[in-house]
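To keep things simple, chains are lettered A, B, C, D, E and F as they appear, and every chain counts its residues starting from 1.
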Amino acid sequence: MGTVPLLDDDVLAPGARAVFGDIRATRGTDYINNFWRALAYDPATLEAVWSRLKHDMAPGSLDPLTKELVYIAVSTANGCSYCIHSHTAAAKAKGMTPEMHAEFVAVIGMAMQTNGLVQALGVEVDAEFRA
Amino acid sequence: MGTVPLLDDDVLAPGARAVFGDIRATRGTDYINNFWRALAYDPATLEAVWSRLKHDMAPGSLDPLTKELVYIAVSTANGCSYCIHSHTAAAKAKGMTPEMHAEFVAVIGMAMQTNGLVQALGVEVDAEFRA
Amino acid sequence: MGTVPLLDDDVLAPGARAVFGDIRATRGTDYINNFWRALAYDPATLEAVWSRLKHDMAPGSLDPLTKELVYIAVSTANGCSYCIHSHTAAAKAKGMTPEMHAEFVAVIGMAMQTNGLVQALGVEVDAEFRA
Amino acid sequence: MGTVPLLDDDVLAPGARAVFGDIRATRGTDYINNFWRALAYDPATLEAVWSRLKHDMAPGSLDPLTKELVYIAVSTANGCSYCIHSHTAAAKAKGMTPEMHAEFVAVIGMAMQTNGLVQALGVEVDAEFRA
Amino acid sequence: MGTVPLLDDDVLAPGARAVFGDIRATRGTDYINNFWRALAYDPATLEAVWSRLKHDMAPGSLDPLTKELVYIAVSTANGCSYCIHSHTAAAKAKGMTPEMHAEFVAVIGMAMQTNGLVQALGVEVDAEFRA
Amino acid sequence: MGTVPLLDDDVLAPGARAVFGDIRATRGTDYINNFWRALAYDPATLEAVWSRLKHDMAPGSLDPLTKELVYIAVSTANGCSYCIHSHTAAAKAKGMTPEMHAEFVAVIGMAMQTNGLVQALGVEVDAEFRA
């Protein structure tokens, strides 16, 4: 599928070529996954997304694996199969064990379930929960 | 709002009363939030959801705060305002600092953005990402 | 809230007035709920939606209560609070008992949960399930 | 695709083996669909989900076919293709005729449409609809 | 995949045949895409959807290309891959250039991102924004 | 509601103060809406989101009003009430007439409806639609 072509290295605009170089240097691999090859048709957005992603997913007060789990959780609720697959692979590369994966998926299921129950019951936010 | 009434303690069925007791004992507070008071109209589901939630959110190979973040991430993508508020309060109670909250929210925004880009571009899953 | 005003009877365009008349006659009540008063700013769409809704929700090979449950289920997954409230009221008016409501809500929760598990695990459709 | 492998019978943990046995006995077929083979990597969640699903989808004040329709409706709004396919097959097995399927799908479409209209117009819940 | 068969021209009911004729005449092509062939199992809904779609997507105070972009934007947030692909093809046929496509996709990503930020932060609607 | 406080001008960090100044200069108004006051707790993300939003929503090969419509369409499918209200106000300020609003909302409803039909029927993407 795809609504735009996946661009090979030899047809990249200079701005996209620079981003691919930074992806490779940052990740320590020559492999560029399909998302970036699709987004490369728009070098300005490619650069903006990559630079912000690199910043937001880096170690901070939250560790990179936790950030991957948050990312996958959002992607699961949105049904973005590509994002689930690519970031589950990233989470495994960052140390997610099968036990952690199992617990993580169970929490997603629990959140989905209670989201549905809350919405169907029309529960109002407790005053105690407001900042 | 609400499609069912929020039940006060004095009208609970025995099964619901027992669950409320366990919620109070587990959390060390007398406060029962609206979700449980709404779900109390169905004691069997109340018991099943509470017992599974208690199990899934407990410390394991993932710590409880990480599980809260995953929970909020799913709830945000689903637009469940109640769930976002109640579990953000829980995350703060479990040690989420303002810095962690800020990083967490930024990752949610990044995941939402790339979910949209991936879907609009129709990107196919790389063979490398399949288990 | 609202991005358009809710129109009172005395400012309706003729096409909207006719639809309001049919809603009242069909439902046997003078009450017009907010959705129709909001949509009345566009009489053509009001007429198209009402006439189709009246057709699709009428008794057929599925009974009207079952159709209301399907409607609420979709609205819950979409997080449309207005739709959940209005159609839960309709379902009660069409005979949904508290027991049925409780079972219904539990099924919604189960579907939400397994939707999340399936997406997170990236499960492929069995060949057996394709028409 | 898939973020976990689909487990064959000969590699199941004892807990998963027991659940597979109960699925086969309950359904009267030897066939185990992919969802359970994926979830089998986590026997505790497999057991919890299966036992609750068996309970919630069983005949009660709502009949099993109505419950399947509710399930599919949620799955459709969530875009869970696997769930739509597996439960549509289940609904057909439980007596859903082509006429019922057509009416059901039309109601889903109507709910989706009005969900969108309501959200875009920002319609507030009528006081009449609150429990 | 598919939960209903895609109907060939020679098995269409008369009502569906008429709609296919109008699709061909309106679009000036003999090609009927899969959506209509799937929906043809329900001629009444096929007719209702096609006639309304033809009306709503026609030139009006908004031009047809703008309407296609709105359509794709909704479909992207809903994760409807079929709809994204079919209407992106339609948008290209109606004059969407690669530059327009890139800007459009960037706006989708921005909207997704801020939707997530707003929901996670629980921001209340400013009084200034209410109609 | 809210999971973070809305910051007043006199408690802003320098980075947030600078962004507020640019929002005011760009929009030609002193008013800062709630979203930015909530996001101000994280000056780095505030700056990144505002600068990218200003870029992506500016005139380009698509005009600013079209971009607002795309934005609202995404927000509607995601059920982000805040975003719908704030960008509908922006669209009106950029020239959206009541007639355009009506047509726009009708297209959203049509897209939502066909998204649901397509997902429920499990329609596969035509080879003709792939880039």
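Odds and ends about this structure:
Simple rule for what comes next: a residue touches a chain if its C-beta (ideal position, glycine included) is under 8 Å from a C-beta of that chain, and two chains touch if they have at least 3 such contacts.
Predicted model, so just to flag it, every value in this text is computed and none were measured.
Superposition angle, subunit C onto subunit F, using Cα atoms only: 120 degrees, a multiple of 5 between 0 and 180. Using the average of C-alpha coordinates as each chain's centre, F ends up farthest from subunit D. At the interface between subunit B and subunit F, two copies of one sequence, fewer than half of the residue numbers in use appear on both sides, so the contact is built from largely different positions.
Averaged C-alpha coordinates give centres for subunit A and subunit C that are 34 Å from one another.
Centre-to-centre spacing of subunit D and subunit E amounts to 26 Å, using the average Cα coordinate of each chain. Subunit B has residues 1-4, 45, 49, 52, 74, 76-81, 84-85, 88, 104-106, 108-117, 119-122, 125, 130-131 in contact with two or more other chains. Per the touch definition, subunit A reaches subunit B in the complex via residues 1-4, 6, 31, 33-35, 38-39, 45, 49, 52-53, 56-57, 60-62, 66-67, 69-71, 73-78, 80-83, 85-86, 88-89, 97, 99-100, 103-104, 106-108, 110-115, 117-126, 128-131. Here subunit C touches subunit E in the complex through residues 1-5, 48, 52, 55, 125, 130-131, going by the rule given at the top. Residues 1, 3-4, 41-42, 45, 49, 74, 78-80, 130-131 of subunit A are the ones touching subunit E in the complex. Subunit C contributes residues 72, 76-77, 79, 81, 84-85, 88, 104-105, 108-117, 119-122 to its touches with subunit A in the complex.
For subunit F in complex with subunit C, the touching residues are 79, 81, 84-85, 88, 98, 101-102, 105-106, 109, 116, 122.
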